[in-house]
Structures are given as structure tokens and as C-alpha cells.
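Each of the next two complexes has subunit A plus one more chain, namely subunit B in the first and subunit C in the second.
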Partner chain A sequence: MRRHAGPLALLRWGISLVLMLFVLLLVTFLIGKAAPIDPVLQVVGDRASPEAYQEARHRLGLDRPVYEQFARYVANAARGDLGRSTSTGRPVGEDLRQYFPATLELATLGIALGVLFGVPLGMLAAHQHNRWIDQLLRLVGLLGYSVPVFWLGLVGLLVFYAKLGWVGGPGRLDDIYQYTVDSWSNLVLVDTLRAGNAEAFRNGLSHLVLPAALLGYFSLAYISRMTRAFFLEELSKEYVLTARVKGASELRVLVRHVLPNVAAPLLTVIALSYAVLLEGAVLTETVFSWPGIGLYITNALFSADVSAVLGGTLLVGLCFVLLNTLTDVFGLLMDPRART
Partner chain B sequence: MRTRICAALIGTLLSLSAWAATPKDTLVVAKNIDDIVSLDPAEAFEFSSGEVVANIYEPLVRYDPQDPTKLKPGLASSWKPAADGKSIEFTLRKNAVFESGNPVRAEDVLFSYQRVLRLNKAPAFILAQLGWTPDNIAQMVRQPAPGTLQLSWSGDFGPAYVLNVLAARPGAIVDQKLVLQNEQAGDLGNGWLMRNSAGSGPYKLKLYKPKEVVLLEANKQAANPPKTGSVLIKSIAEPATQRLLIESGDADIVRDLGADQIDALKSRNDIRLEEFPAAAVHFVALNLQNDKLRNPAIWEAMRYLIDYDGISKQLLRGQMRIHQAFLPVGFAGALTTTPYKLDPEHAKAILAKAGVNGLEMDMDVINSPRFMDMAQSIQASMAKAGIKVNLVPGTGSQVITRYRARKHQAILLYWGPDFYDPHSNAKSFAYNVDNSDGAYQSTTTWRNSWLIPELSAKTLAALREADPAKRATLYQGLQKEVQANSPFIIGFQEQNRVALRSNVKGYVQGPVADLVQYDGVTK
Partner chain C sequence: MTIQLRRDWWLSDAPESALQARCGRFYRMGLRALRSPAMVFGLAIIALLVLAAIFAPWLAPADPNAQDISQRLLPPGAAHWLGTDQLGRDLLSRVIYGARPTLMIVSLVALLAAPAGLLLGMCAGYFGGWIEAVLMRITDIFMAFPRLVLALALVAVLGPGIVNAVIAIAITAWPPYARVARAESRTVKGSDFIQAARVQGLPTGRILFGHLLPICLPSTVIRVTLDMAGIILTAAGLGFLGLGAQPPMSEWGAMISTGRQYIFDQWWVAAVPGVAILLASLAFNLVGDGLRDVLDPKNG
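Let's turn to the complex of A and B:
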């Protein structure tokens, strides 16, 4: 019986994935339909003749019943055809290939910074529970939560880009490099490395560093608070006392004894923060003129560009599901009790 | 060891410093280009795409942004209206070639017009109003001798108007051979031209990434190659970011600044600020489908209930100027008198005399900061005479969707002309002969249900007039009538404020998107 659990679990997981994405699509589709916006206007403008209007409406398939439109969309999506965006005039798949890597690059660096600093700081805060360091870190975390991101972004640009000139400005590369580097993966760091252009790579990094640090700070705020809470709970347990009695150093207690025990919930927190970043940060993207998925979906939503919204939602939904599954698998691997 | 890694990291970060100026032979323009749907001249109908098309393609005749009152040769070197006023004969410019090296032929002209009509996208109606259809266009555009073209039209209007139609965006001439080589599934090259170019203008399209960048490169085949090799238009939506870019020298021209940014840039001597009137007139319109709004005394009173000075001098300083007629400044015949001022007492007297009290109305408004600021000011000033205005904010598409269906009561909106001819606005504000629900028109008059047979006749007379000076006088008369007695309270004209690095010379921006030319700019 147990031997079949693997494939069966995989099947169950597959079915629930498909169901989840289907429901996600359905809800997004219905919201798109309920919005009191006429998508045809986006295509032909509001001055077109009634004939041109009708023709565009027909071309978009909007003259068919709503359930048929949805069925058609799902059937096409299953074949990998996400339809055409009315606001860019391109296939949605092509749009996503352009915009998602921008977000992916930013979010990945952001979460890396968030984890790199957030976890140790959280551990430190737990260790120094209620002392001044804890209070200071609490303040830092609170600021991360409550300061509006567009404000911090603009101030960051003003100081580090306009005044000091330490980092690159808005956009992903300086104009000089932007169109000399072949967009192979649309990940600037990868593309510039692939082209062997070290200067362009450094330039890309200089553009990336500020928005990534900003996103990193926001995820740091959350991650460090959660780390602190997880550690505090564990630190009062008997095995910690035992370890200390046996003469283990504090660092060893925190890293070797406690960390493995909080790893699973901590990973979930990190994965969810990552997923949130992957969804795209509209305000950050606006301030830094970062052509990412958040801005793409938001703009599409405003112009009732249903295919683009659905395509974007599908991709973000997939990211959530994948990250969730990955953390589950990791949790299983890390937890000896779950392995049997 | 650890300190060495730290030092290396900090060193790397510091050395990332980027004091980049813009590339020498490239003009870098920062503006919001999110509105672009297509760069195919048969489809482009947005502001940003309009200026790109104007720099890539040539129509037969065109307006020069340096002096937009005179029509200049485009691909036609000369033209002559026939004696009966029903056709025009054009002589094509000798040795004109497209960017591909293909010569410009009369066939390309016919193909370009036919293409617009067959594709039937948003701007097709501009050509279709000449009585042109995909079927009859071959009879309307003929080639009497090599290198000449005879264009005729059906409809009661003069050559002055037809020339303006041909100077408009869908009048751009494309390279038939190149376009047809890239045709897919009978789309007449539409999919390809959305992202590529096939024109004879000063620039060609090098790269287009939606919502990110448009890169134009000098067309070496052009009759007058541009002074600056490339133009890079990058999409920067946030005005505060635009300000940082121009301050740092990472942009040569920024186009969407607000009052705050302008104030901040005033003191810099390496940056120059310029103002250009844009063609959009802003107005409040009352939908006469609502019985309670039909009383002309209400229209009259409301003209005295807008704080013109407050909005143009404080609230939207530099973005709006007071303008109370339907033709914007920059158009031949524009009426510049501004007889109305905020005067609640006078408005109250008008309402009392007409026996109107307790008037309440919903006003649809686009929820962008500019419109919301204006709407709130209007709401406050209307209240001074006892008119209660409830704001109904929505996104642009939402508001327009309701407006088209005539479901609004009042609306705060703007109107920009379809192309550079006074009739485009006159038709919108002073022509409506069929008010039925089935006779949909995109005009301001129909959408607000204002039926005006007499005024419409005068509008048609102005359209027919062949003499430009007489025509301008006729439009002045029309504007006065609409200004004094219509359910439209026109209050403002938009103004574009542009910041340029002080080494940038020769930039001029006309009132419509087609009049933004980069080929004369140097830096």
C-alpha cells in the first residue's frame, strides 16, 4: 500500500493543481467580465465607426456567449495559446516572456537579500529578547512595514542615483547597453554574462541593486519578525536547555539545534514572501520604470484586457503553487517524522 | 579573510557608480508610452503612436510644426485643386525612395489608402469620410500620367478640408512591396507593421518593446536625413522619476512633468522649460436625456460656476490654460475670448429667475489626479449657487463606456481633434441631426443628446468653404454660438510642459501628436 503512495500522491497533486488553476481562471475571468469596461474601446478607440467597432468586437469573440468565450479560452490555454493582448497587440505568451523575467530577476535578488539579512537578524532579536537590540530590530521591521514603498524608492533614487551617482537610474540598463545586448532570456544579468559583456553586467547590477534592496528590506521586515517568533517559541524548550547545559555555544545552539527545527515553517514564510514578490510590486515597478509583471497586469486590468490579465494571473498562480509544493517537499525531507 | 570579502563587496558596489550622460548621437526622450496599441499607420490612433508614425512616414502633404498654419509638401511636391472643386491633382516628389530603397510609386499611395480602408481599424473613418470604400478607391485615386495622381471624393466639402484629411495619420504612405512581403494570412502586413516600419520619413523603427521603449534610427534614404542619428523614447510613467532622469542627464527631453517637478527644475540652469499648447479642450457636458438638465438657464448659470482662475493658476498650474471655445489655440479660427468668470451671485440670479432650485446631478469623471482635482473644485464652486454635484469617478475606459451609452448626467471630459482640421471639433461640438439611439456618433453633441439642425447646417457650410480665411471666420461664428448657448461648458485647454537639457536645440511640439518632429533637433 505504502509503496504506491508516491505515484498516487503525484496524481492527486496534479489533479488539485489543475483544479486550482481552473478555479483561479474562472474567478479572474468572471471579474474581468463584471468590470464595467468595454474592451473593444481599447482596440479601436472611442471614435471609430460602428462598423469598425462591430468588426473588432467580432474579432475578439465578444459577440459570443460568455460561457463559450471562457471555454474557448481554457481550450486554447491548455494548448499553450494564451490569446492576444489588446493593449500591446502581441500574443500574451510573448508579453509574459518579456515582462516576467524582469520581475523574476528583481524578486529573486530581493528575496535573497531578505533571507540573507532577515533570518540572522530574527535570530539575533530572539536571542536578545526584549533587550535594546530586539527593540531596535522591531523598529526597523516596523518601518519596513509602514513606510510607503514609492516614497522610499523615490528617496533612494534621489540619494543614491541623482545625488551620489552610486547606482544606475530607472530602467534595467543604461541606454548605451540596453539594445546592444541580445535579449535571450530577458534576464539582464544572464544575458549580459552570456554576451560576455562585463561592463554591461555591472551596469545591469547597478540598476538592479536599489529596487532589489528595497524589496529585500520589505521582505526582511516580515521574515525577521517571523524568524524571531519561531525562535522564541523553540528557545524555551527543554532540548535547548539540555544543549546549553552540555556546554554548547550560543551560536551552535541557535544554528545547529534550533534552526533545523524551525526550518520547515520558516521556509514556508520565505516561499510565500518570494511568491508575493513574484506577483510584481506595482509601485516599485512604477517608480523604477521596471517593466515587470505587476505593472503589466495592473495596466491590463485598467483597460479590460482580459487575455493579458488571465495570462498573468495564471503565471502568478503557477508560481504560488510551485513554491508551495516545493516547501512541502522540503518540509518532508527535513522532518524525520514525516519521512517514515 | 572575512574583512577582505567585505571590502571587496563594498568596493564593487562603489565602483558601480553611474554618472552616465546620454549617448552623443542619440536623443533620449522620457515619457509615458503605455498608450501605444500599434505603430501601423492604418491602426495607430493614440498620442504616443501618432508621433512615432509622424517621424517614420510621410503623407502626400503635411503640416510643419514650426509653422502649423501652412501646408507643406510631403511625398507630393505640388498639388492643384480642379476647377470644379471635386478633385486634386498631385505631382509626386521625384526620386523619392522608401527606407528599403524601393522607389515611391503612385501604386504605393493607392495601396496605402486601400489598406487603411480594408483593414478598417480605428483611424479608417478619417479616410472613409471622403466617400472612399475598399471597392471604389481605385476609381477615386487614379494615375493620369506617370508620377502624378488624381484624387477625387464624393461628399459636400472643399479641397482645403480634403488636404487636411490627407495630411492626417492614415494618409501616411507605406512601401507596398515590403509590406506585402511580410503579409501573414491576408492581414496586409498589419501584424508586421505593428513592430516594423516601411516608410520614407526621416526615421525608421529600429526597436519597439511595448510599454518599455521605442528606438528610432535615421533613415539614410530620406530626402532630408535627420540631424540626430537616433531617438530613444523610453517609457517612464512616474513624473518624479522623469525629473530625476533629466537632472542626472540620463534624458535629454522629459514630457510628462507636473507642477511640483516644474517648480523644482526652475532654478537649474542646465535645464530649459518650455510650454506648448496641446489640442485637448476640457469641458463639462450635460446629458439632455435627463429632463432636469434641459433648461438653458442651467447651462448659462453653470458657466459662472467654475473657478477658472483657481484651476489654471493654482490647482493645475502650467497644465491648463483658460480657454472657452471648442477650437483649441493653434487651430485656424480658434476663438480666444474668455467671457466667463466665477460669479456665484450672478449664477444664483440666473437660476432664481428661471425658477430652478435644489438642482442635484451626478458627474462622471476619470479618476486620474488631474480630473479629480478639477472635479472637486467644480463640485465646490457649483455648491456656492446651490447646485449639488455628486462625483462618479471611474477609470478612463469605464467613464467612456458609460458616456457612449449616454447613461451619464453630467461629465467632466476632454476632447482632442481626430486630425488637424477645425471640422474635427466643429463636428463634435456643433453638428447633430439625428439624435436617435440607433444613430450612434462619437460626437460630444450626440453623446449628450443635443439636437441642433440649424447649427449643423452652418457647420456643413464651413466645411464646404474653400477659402481658408473665410472658413476661419465661419468657425469663429460657430464657436461663439456654442460658447453662449449649449449644454457644454468649455473651460480649459491643456498645456504640455516639457523640460529639455539646455544643449538640446530645435525641439518644437505642435498641438496634435502628428506635429511632434524630431528630425530638426540637435544636441
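Let's turn to the complex of A and C:
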């Protein structure tokens, strides 16, 4: 692909970001339209008189043409107004602000673990190409691709919580700590630290560690495999040979010479797996009763709460689109060839 | 010229017909594939799955939906090899029958999404210009969407069930195929044999399907096989959330979801279908990896 440099490129990415958000909104809007649930009936109940029905329909703007409804939907979403959840009775935006930090905390810790272990392991596998450690990591990665996350979560709970008692069970805190700290950021680790409650912090960590390790394993499988591929390709190049001939240690070759060259694609891989973790949390949260956005969406699903489902979908989609665009921009900024 | 069953006919270096040459090529590929133990293992599991799905009524020791409350939650043993669930249903039979919805979802998604993506990508790569710009922009946008959550929202709206799960997964699964096909067709678009076909006045449709398609097919097949593992996991995830196959049909994801309540004391109810999902998706991953080595050596 041809690379543009400078502000023009940023403008291009800006336009593509807006376009993506527009299509995302269009998709969620259309899904909402296709829902076999009459939003008017949800407001007035099914015994309303035809006049009351028409009145409510008019107030919801449903008698307007579809494109006008869509324009209103976009304008509302831009203001953070995603409608009212019928199951919690609160504005969806408010709900999401409360639930999203839990997912963010989980996914961020997961990706941190994935990067911390995945990148060095991938480097090691590339360096020990086709030796036993490479084969072992290949197997670990293959299992990571093949095992259903919700099932592994259950097995993890069975082994580490029920049998060994090493970690906290489902939920974010034990019941006795539940309301001891006020939710300021809705991040358990931050809130307990802020309250200076070391015991609650440890408890929160013990609940977080299993689901985070689980998500970390899944991102490790992907990150280490991609790291290995990137490094393998670079290691056969001549500058590596030059560095080795000049007596650079293997660690120095890998970290100082090769790593900067694969940093841009590696960053893309990491951002992608972060986005996937945010989404994959849907299944993990169900298993661990983790009150995040995944649990919110699935609970809304079963109470036919369309605006909550679509609000959640929109938020996850927004994270995806933002992460995608950001990595593109970063990749561009990090590539010396794109600088002028 | 007919196919002969002599080994040297299959391996001849001087094929006498196009048919013989083609047979020889596939035979060699097959031989190469069978040298990899991982691929053989994967193929064996897939064969087992297909057999289990087809011959389920004969293979299963019991009716998968026959309830017997007096026999509920039995551990694996002589009477029930893999134990029983909370309604006393034989888990082995349910796992065998569970191969049916899984294979059905996987093959339907592949049949819907792969041709659609392939066609879009081929057109984009071959025609170029604004057609390519528009098609690939759409692909990029769909690529940047969360697949599972979008499938979830779609199923929520369409209503739970196997068919809707297939539609939801297929709608989110086609973009990678479009990308692969577009990359392949762009590289061969300018090559001599395409030029020759065009100069001969071949209609565009025949160039696309007769000349471009065979080039794009191997990489698409690899992608589909590798994707099948992911489709199995997505389908199982939807089933686990109660949005896939509906009870009393035995579906692995849904079985794990019921086993969840008994995980601490009767672990086998959830463990057995989980192992089935793991093996099925592992098999497709292994075969996909192996196919990549055989069909596409340059990216091995």
C-alpha cells in the first residue's frame, strides 16, 4: 500500500474513522429496526387505546420517515443518549458508564499479561526455530485457538477456586467487601487503593486474577504466534547477520536490532487482540458473573431490551473502530519511511 | 483416457492428459499431507465427527433425549460411559448427536460466507478503480466490527435458533475471504494468461470464474478451514448463551451451559461437551495448518 505522510494522512484516517462510525451506527440502527419488538407497545402497554398508541408513536418519532429517524438516532448517540433501558429503567448511557470499567479492567489486565509473556515467548520461539521449545509453544498456541473460553473458565473455577482455593470465585469482590468502598472509577483495583483498603484490594485482585489470566492466555496464543512469524522473517535478513558478525549478543540482536523493525506490525497485533479481548469478555463475564458490558448485553438480550443491546454493541464497536484507527495512525507515525 | 489404479500412472512425470496431470498433482499433495502426523490426526477427528453426525442413531447407545430421573448425574461408568446429565440423559449419546448442529452450522456458514467474500474480493481485485475502492472500503469497515457482539445482537433481534445463528455468523465472517481473494486477483490480474484470455475476447464472467477462481481457491480453502475452528467456537458460544440450537436438541455449547450449575460436584456434565468442542476445533486448526503447508508453500 502506498503511504501518505503528514497531516494529509491523518486527515484520511479521520475521514475513514467518521465513515466507519457512520456505518456502525447504520448497522445498529437497522438491527434495531428489524427487531420484532414494538417500542411503542413497550411504552404504552398492549391495552392502550389506538389514540394513546398513536400519541406515543408520535412522541417517539416513529411516524417520521426512516432517514429522519436515523438522523435523530445519530444525533442522540453523538450526545451520548442511547435511549432508556427497559430492564434497568435507567438511561443506557448511564448503565454503560457503570458497567464498562469492569470490562476495561479485566481486558486491560488480560492484554498486559498477554504482551508481557507473549512477546518474549514469541521471540524465544523464533530464536529456537523448530527446536522443542518452538514446538511446545506451537502446541500451547494451538490449544489457545481451539479451546472455548467459557469452558476453560469453568474448568479454571473448578480447579483453582473450588478444589485448590487459590483464587476468589465469581464476581469482583467477596460479599463482605461489596459495599465497603465507594465506586469512584468503577475499577475495583483503583477504588480499593483509593480507599486505602488493602484487604479489599487483595480480595479484588484474587477475583480478577483468574479471568484476567484466562484472557491473557488467549491473547498470548495469538501474540506469541505473530511475534514468532515477524521475527522469523527478520532473522534471515542481512543486517542481523552483520550485527552477529560484529559480535552483538543474541539478546542484543533480538531486542535492539530486530524489535524496532517489527514494532509497527506487532503494535497492530496487540491492539487487535485488545479489541478482541474487550469483545471476548462477553463470554468470560458470563462465566465469572463479572458485572461488565458483556454481562450487561447478555442480560439485556433475555429481557428483549433492544436499546441496551444496541447501546452495548455500539460501545464495543466504537472501541474496535478506535483501536483499529489508532494503530493505523501509530504505525504510520512509527515508520521512518512515512516521515518527510 | 480413464483413471487407472496403477501407482505409476498417478505418479507419472509425463502425464498424457490433463486429467492425469491433475490426478497426479492431487495424489502428490495427498501424499505430502499424510506425512504430517498433525494433519492425519486432524483429518481423523474430522472424519470421526462426520461419521458421528451421519450415523448418530446407530452409534449412540441411547436416545439422546430419553430422560430417566432415577439415573440423573451419574459419573462415567459401565452403564453410561461418559455419565448422565441432570435429567438422566446419556452424555455419550448427546455428544454424538451434538456433532450434527455443529457440523451443520460450520458447513452452512462456510457455504454462505466464503463464496460471497470470494466473489466480492475477485471483482474488487480484477476490476480495480472505484469498484475496488468501494468494495474494499466496505470490507474494511466490516472487518473492524466486533464479530461476536454483532452476531449476538443479530440473533437477539432475529430470535434464537440454528438458522439465525448461521445467518448472524455468516454476515460477520465474509470480509477476510474478500481480502484474501482481492490480494490474489490483484497479483495475477496483469499476468500473461489473463491478458491472453482477454485478447481472445473471453467474456468477463468466464475470465473471473474460469481463470481467476482457480488461482484464488487454494488460499480461500485454507482460510475457510482455519476459520471453521473459530466458527465452531462462536457457534458454541452462542449455544452457551442460549442463543443457538434450542432444547431439547443436544448442542455442545448449550450442554456446557446446563453443566455449569453442576460444575463443582458433577464436573463431567460440562467437561464432556467441552472436550468435544476442543477436539473439533483443534482438528480444523491442525488441518488448516497442514493445508497451508501443502497448498501454499510460499507462506509456510
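To be clear about the criterion, the second predicted complex is superposed on the first by the 277 of 340 C-alpha atoms of A that agree within 3 Å, B and C clash if a C-alpha of one lies under 4 Å from a C-alpha of the other, contacts with A are read in each partner's own complex, and residues count from 1 in each chain.
Throughout what follows, a residue touches a chain if its C-beta (ideal position, glycine included) is under 8 Å from a C-beta of that chain, and two chains touch if they have at least 3 such contacts.
Not measured: the values here are computed from a predicted model.
By the touch criterion defined above, A:L154 reaches both subunit B and subunit C. Contacts of A:V287 after superposition: both subunit B and subunit C are touched.
By the touch criterion defined above, A:V23 reaches subunit C but does not reach subunit B.
With both structures placed on the common chain, the touch criterion links A:L116 to neither subunit B nor subunit C. In the superposition on chain A, A:A52 makes contact with subunit B only, not with subunit C. Once the two complexes are overlaid on the shared chain, A:V167 sits against subunit B while remaining clear of subunit C.
In the superposed model, A:V255 lies in contact with neither subunit B nor subunit C.
Common to the subunit B and subunit C interfaces on subunit A are residues 35-36, 154, 157-158, 162, 286-287, 302.
By the touch rule above, subunit C contacts subunit A in their complex via residues 137, 140-141, 144-150, 152-154, 156-159, 229-230, 233, 236-237, 240-243, 253, 256, 259-260, 263-264, 267, 270-271, 274, 277-278, 281-282, 285-286, 289. Listing the residues of subunit A that touch subunit B in their complex gives 35-38, 41-52, 55-56, 86-90, 95, 98, 154, 157-158, 161-162, 164-171, 174-176, 178-179, 202-203, 205-206, 209, 286-289, 291, 295-296, 299, 302-304. Taken in their complex, subunit A has these residues touching subunit C: 16, 19-20, 23-24, 27-28, 31-32, 34-36, 142-143, 145-152, 154-155, 157-158, 162, 275, 278-280, 282-283, 286-287, 297-298, 301-302, 306, 309-310, 312-313, 316-317, 319-321, 324. The touching residues of subunit B, when paired with subunit A in their complex, are 13-20, 22-23, 26, 28, 34, 37-38, 45-46, 120-122, 124-125, 128, 194, 206-207, 209-213, 215, 232, 234-238, 240-241, 244-245, 247-248, 250, 394-398, 400-402, 404, 418, 440, 442.
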